[in-house]
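The structure follows.
In order of appearance the chains are A, B, C and D, and numbering begins at 1 in each one.
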Amino acid sequence: MSSSFGKELKIALFGESHGTAIGCVIDGLPPKIKLDLKLIEKRMLQRKPGQSKLTTPRAESDLYEILSGVFEGKTTGGPLCIQIRNADRRSEDYEELKKVFRPGHADFVGYVKSMGAYDPRGGGHFSARLTAPLVFAGAIAEQVLWSKGIKIAGQIKSIGQVTGRSLSDFSHFDETLAELDNQPYNIFSENLAAMMAEVEKVREIGDSVGAVVETSVFGLPVGLGSPFFDTVEGKLAHALFAIPAVKGVEFGDGFNFAYKKGSEVIDAFVLDHQGNVQTNANHNGGINGGITNGMPLLFKCVFKPTASIGIEQETLNFNTREMTNLNIKGRHDPCVAMRAVPIVKAMTALVLLDLLIENQGVTINE
Amino acid sequence: MSSSFGKELKIALFGESHGTAIGCVIDGLPPKIKLDLKLIEKRMLQRKPGQSKLTTPRAESDLYEILSGVFEGKTTGGPLCIQIRNADRRSEDYEELKKVFRPGHADFVGYVKSMGAYDPRGGGHFSARLTAPLVFAGAIAEQVLWSKGIKIAGQIKSIGQVTGRSLSDFSHFDETLAELDNQPYNIFSENLAAMMAEVEKVREIGDSVGAVVETSVFGLPVGLGSPFFDTVEGKLAHALFAIPAVKGVEFGDGFNFAYKKGSEVIDAFVLDHQGNVQTNANHNGGINGGITNGMPLLFKCVFKPTASIGIEQETLNFNTREMTNLNIKGRHDPCVAMRAVPIVKAMTALVLLDLLIENQGVTINE
Amino acid sequence: MSSSFGKELKIALFGESHGTAIGCVIDGLPPKIKLDLKLIEKRMLQRKPGQSKLTTPRAESDLYEILSGVFEGKTTGGPLCIQIRNADRRSEDYEELKKVFRPGHADFVGYVKSMGAYDPRGGGHFSARLTAPLVFAGAIAEQVLWSKGIKIAGQIKSIGQVTGRSLSDFSHFDETLAELDNQPYNIFSENLAAMMAEVEKVREIGDSVGAVVETSVFGLPVGLGSPFFDTVEGKLAHALFAIPAVKGVEFGDGFNFAYKKGSEVIDAFVLDHQGNVQTNANHNGGINGGITNGMPLLFKCVFKPTASIGIEQETLNFNTREMTNLNIKGRHDPCVAMRAVPIVKAMTALVLLDLLIENQGVTINE
Amino acid sequence: MSSSFGKELKIALFGESHGTAIGCVIDGLPPKIKLDLKLIEKRMLQRKPGQSKLTTPRAESDLYEILSGVFEGKTTGGPLCIQIRNADRRSEDYEELKKVFRPGHADFVGYVKSMGAYDPRGGGHFSARLTAPLVFAGAIAEQVLWSKGIKIAGQIKSIGQVTGRSLSDFSHFDETLAELDNQPYNIFSENLAAMMAEVEKVREIGDSVGAVVETSVFGLPVGLGSPFFDTVEGKLAHALFAIPAVKGVEFGDGFNFAYKKGSEVIDAFVLDHQGNVQTNANHNGGINGGITNGMPLLFKCVFKPTASIGIEQETLNFNTREMTNLNIKGRHDPCVAMRAVPIVKAMTALVLLDLLIENQGVTINE
């Protein structure tokens, strides 16, 4: 198995949902970053379950401890490790899990891949809880990008049948986007009521619902990424599919390109009023030939409805080899995307900082 | 820039559209593969332009020469290099290209990234012509996978407004899929007329149109891929975005998950009539937790309409800094997807063989 | 900075000498390894300082805690993280260190590389204390190799002017080598007195002395490693130079080859009495063309005398820019090699297990 | 097998001694390098066999052709591929080679690793002929380093019993070193006669002899390399062991450290007459903690006497499983080090340019 990624900025992720601790090692951070603990706290809180009845009420404690890589409040340039202890390690009846693998989850593949030796409690190493250290790491990357004028906005674009406005409306990171960062679930206020109703509808019947998260990044220099195998699209998609439940990634007009004529999707080069090169549209989502072109980076990813639902399912009992009724205990997110925006932002920030370091180096000024 | 990828099976791609030669080095192939020259020929012909009036009539000669890694018709286990000489190296008036970057192409980013030093002729290293050596490499990978019972099917799923049947209808690689492999443009015969009419419609007016390519892989073992950063989805998407014009990748139900309830997309475990574990549906496209679950791998990618159209465009002249009319000379693919299926198959085969070697090793039996 | 290595088996090392904790993440271990806690304990004790007056009397507590990757005593196949808390974090007067960099240490380069932001206490991330988690990781790798019939022997070959017998005398891992594993400092009993006297001699005058560590590995299959860039020699050397104070690595006859004729160093192929292919000598140290040839792997590495000595040194004060007398407080290893054999074994085991997994996969049988 | 290396600057090497062509792809070169064809020619000539009776008289034609990555005489930033056609592909009686593996060569391990499928002619992919494209690549790297004030000197330090002066005598790249670059075999003129006599002695009796190559690099910035796994020592050694016949690498005092006291090898910090930080000695060879400290980088590597000698050897016939007399036909280098200095320089330049790009980026000014 492989839980490491990155080229200049490397992440080694570790931990199981109900093990001793989860965490990560971040290797390659520039020295002298004065950690913005408030941003870290904010992002981790946005990801944390149990913030409302619309997300899972499990009481995860996300208290992190920095083990290395920070001295007198600043990064040293050495590897930064954090751990988050698992407060609640009470052992559920996981023997059951070894007989009846939950449909749509990684139980079965995890079992086969480890030849039976994996930790089945709460999904083990496959648990979405592992995104907590990623959000920590991403917050540091986001802080560094911000200091270089690169700003990430993210929102829930749609839940079930309810679709809101698009981030493609924004050419700059303005006050509206700054507010969006503080909105519940990162949903624009005008869409909040309708989207929450959509979630409430499935929550009441013990069901779940899918959603789309949209991200836009402003202020990227021209020239990040490389042709063919290190395109910005490829590197971002690689990282985004690390997020549990993501099943599709598209850039700019994405799958809508399928229905379009070439003449309808031209991003012609123009000068803006300051004499800078821009394109007069952004169908390509800020990327040509796999490389940033200076326009806002724009992409969406789809989150499938969580497979853990309160409704009884019929599936195989691997011991008896007969069909059985499965009731997944506990309460679960009716819509995982409610907590997904900070995770998408984290992966985005990590990939973009990696590319920025590769492209031009990143030096922290005091 | 970076034009290398792969872990156990590594590809180093080289060349420019109008340079001396294009090609690639394939490192990590198992020894003793007796090259299936007919399959290589078939795939390269399917990718080659100029096969009909619906693809670009440029006369590319795709005669490859194997420079290393093959001895007495079999791979040696050493790096295999091929070159494809560029027969037609007549120099177009590329000075024009340095003034008027084509919208939607990599000219501008290539110029900035190389500080002006890149080869602008025909897109240089960014040219889709570079997919020819990838198709060569992919054909070898496809042959090896086939010998292990792993079979790849691909089709054009939709062009513009015309959508055909889905590969999700197939649970095995049967005769219909074998025929599909020989169909023009890998389009099911029942869809061919309607799709060709859609292309003809835009071709007549000098325009282009988008499309979706769908792929399914049968016979994969359970357990390829790893949680988080080396998911099958992430690795495949990374490679697929290397294909020029791909702007989105989705697995299983993909973006349709956004509109679905969890109860509607359950892939329950069942036993098939031979007593093997299967799921009774395949919404997840053969992947759980980033790892193959034994069901057919199913994904789609969208190709944007080619940006090179016969219709006059208005864009910036970078020298005069004024808007100018751009007429892109020559004739171009009205729908790049017409030649895309063999390329998608190639990238798929390369990624899956890489994963298979990592997972269990691959030995060629005589 | 980069503190990660390995291809199939990846190590991410973290921590500073006087920070919160040191440790590592080991990614890619096969599942189902029942951890041999006694071997881990033994190796960590062999590395630990303060075991006698001939090693540094600092009281490092090497109590490790496994944070992840082990379930019910066995590896899960997921990343295994350990931390070792730094009990003694009393802050020495490190302001001094920022003015007077210790000659022969990493203080100066660490300062420059981090632009002043590094943790200067006890060498920070550069500290040899970081070898403790490597020894932990190596013990697991050694256990797995042992279960596959691959056995590592190591000894101090020479200290200062005293040179003992060579491991090249051994064609198999026999009882003598098993005993060596339990000898103080892994020194053959017949050499122990002379070598300890050599160390005592420098210890008394506050000085230090260099040494050579020799390693031999028995039972390796033919075929590990690859030509050119992944030779066994290159990969091992890369890893061995990670050990602080190592300044040279040689295989087989090593630098003695310089004085030899080709006819004097022939390793001719012969059959042993069981009909297996062997060579009748082992000048090449078990490697031809960068690849294991089935003979014992044999190599040496030299450890420089530790730069921290009790004798006053004159060096630059970077603040005043004048020369100053430096007295390095505390007591230090008069011969770092006294604790080096378990570290060399660890790096060796990690590299060889990585190669073995790549070459043929490693499955743990119960 | 794996014939790729490098992080920012990647080399993919290909070819067999008697195959169609050998060559390499160099990925990650900065754009705008105006190739210094004279330096390339000089280095390739220095490596080429047959320049005198003291090197092998085989007529290798090293005419290279650039296939990609250069436009109008300058690098584009895209992958640069060269091929060198194998003029002389006459097939020797290689069936013999499959029965009687040459001792000390890679025939046996190559056979086992490829399960019999490798190209046995002239060593196949293991041939030292593969260093020709490496020397080409290294010459470009050397040119770039030179333009940044980084200069590489190399010499044959010793042959057999004859040892010459050391490069440690030089604190700068002066005229004497510039002359050394033009000396036959890169041997200081005062040592030339004695060393050539040593080679002549073994040549006459059909034997071979070992040698040591010494390298020093001037003008490196402080801070290249990283602690633990990407030390300059580790990365260089990894690359140097790619050179056929290298069996040991040491930095600074190297294995002589074994006999030294700490007080004898202090590199104290001092100011030079211009007020720059230096050390008053260079026992550590320009590296502390794995990182360049601004002093000349100094290292040696040992070349074993070539295993191909004119003297009859007795070894195993793998078919008959009986001992046989082996006469290796053709004439071979009595001392491979005679052509080794340009190869060592090439590997050194490639590794250092890779580190320089990683550390601070490299931009070519016109």
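By definition in this document, contacts are C-beta pairs under 8 Å (C-beta built on N, C-alpha and C of every residue); 3 or more make two chains touch, one makes a residue touch a chain.
Everything numeric in this text was worked out from a predicted model, so none of it was measured.
Chain pairs B-C and A-B differ in how many C-beta pairs they share in contact, with the greater number at A-B. Of all chains, the one whose Cα centroid sits at the greatest distance from that of chain D is A.
Averaged C-alpha coordinates put the centre of chain A at 27 Å from the centre of chain B. Chain B and chain D, compared by their mean Cα positions, are separated by 39 Å.
Computed from the mean C-alpha positions, the centre of chain B lies at a distance of 46 Å from the centre of chain C.
For chain B, residues touching at least two other chains, in rising order: 1-4, 13, 78, 113, 125, 227. Contact residues of chain B toward chain A in the complex are 1-5, 11, 13, 101, 103-106, 108-110, 112-113, 125-126, 130, 158, 160-161, 202, 207-212, 222-223, 226-231, 233-235, 237-242, 244, 246-255, 257-271, 275, 277, 279, 283-285, 288-293, 302-309, 311, 313-316, 318, 321, 323.
Within the complex formed with chain A, the chain D residues making contact are 7-8, 78, 227, 358, 360-361.
On the side of chain D, the complex with chain B involves touching residues 1-4, 10, 12-16, 19-23, 25, 27-28, 31-32, 65-69, 71, 74-81, 83, 113-119, 124-125, 363.
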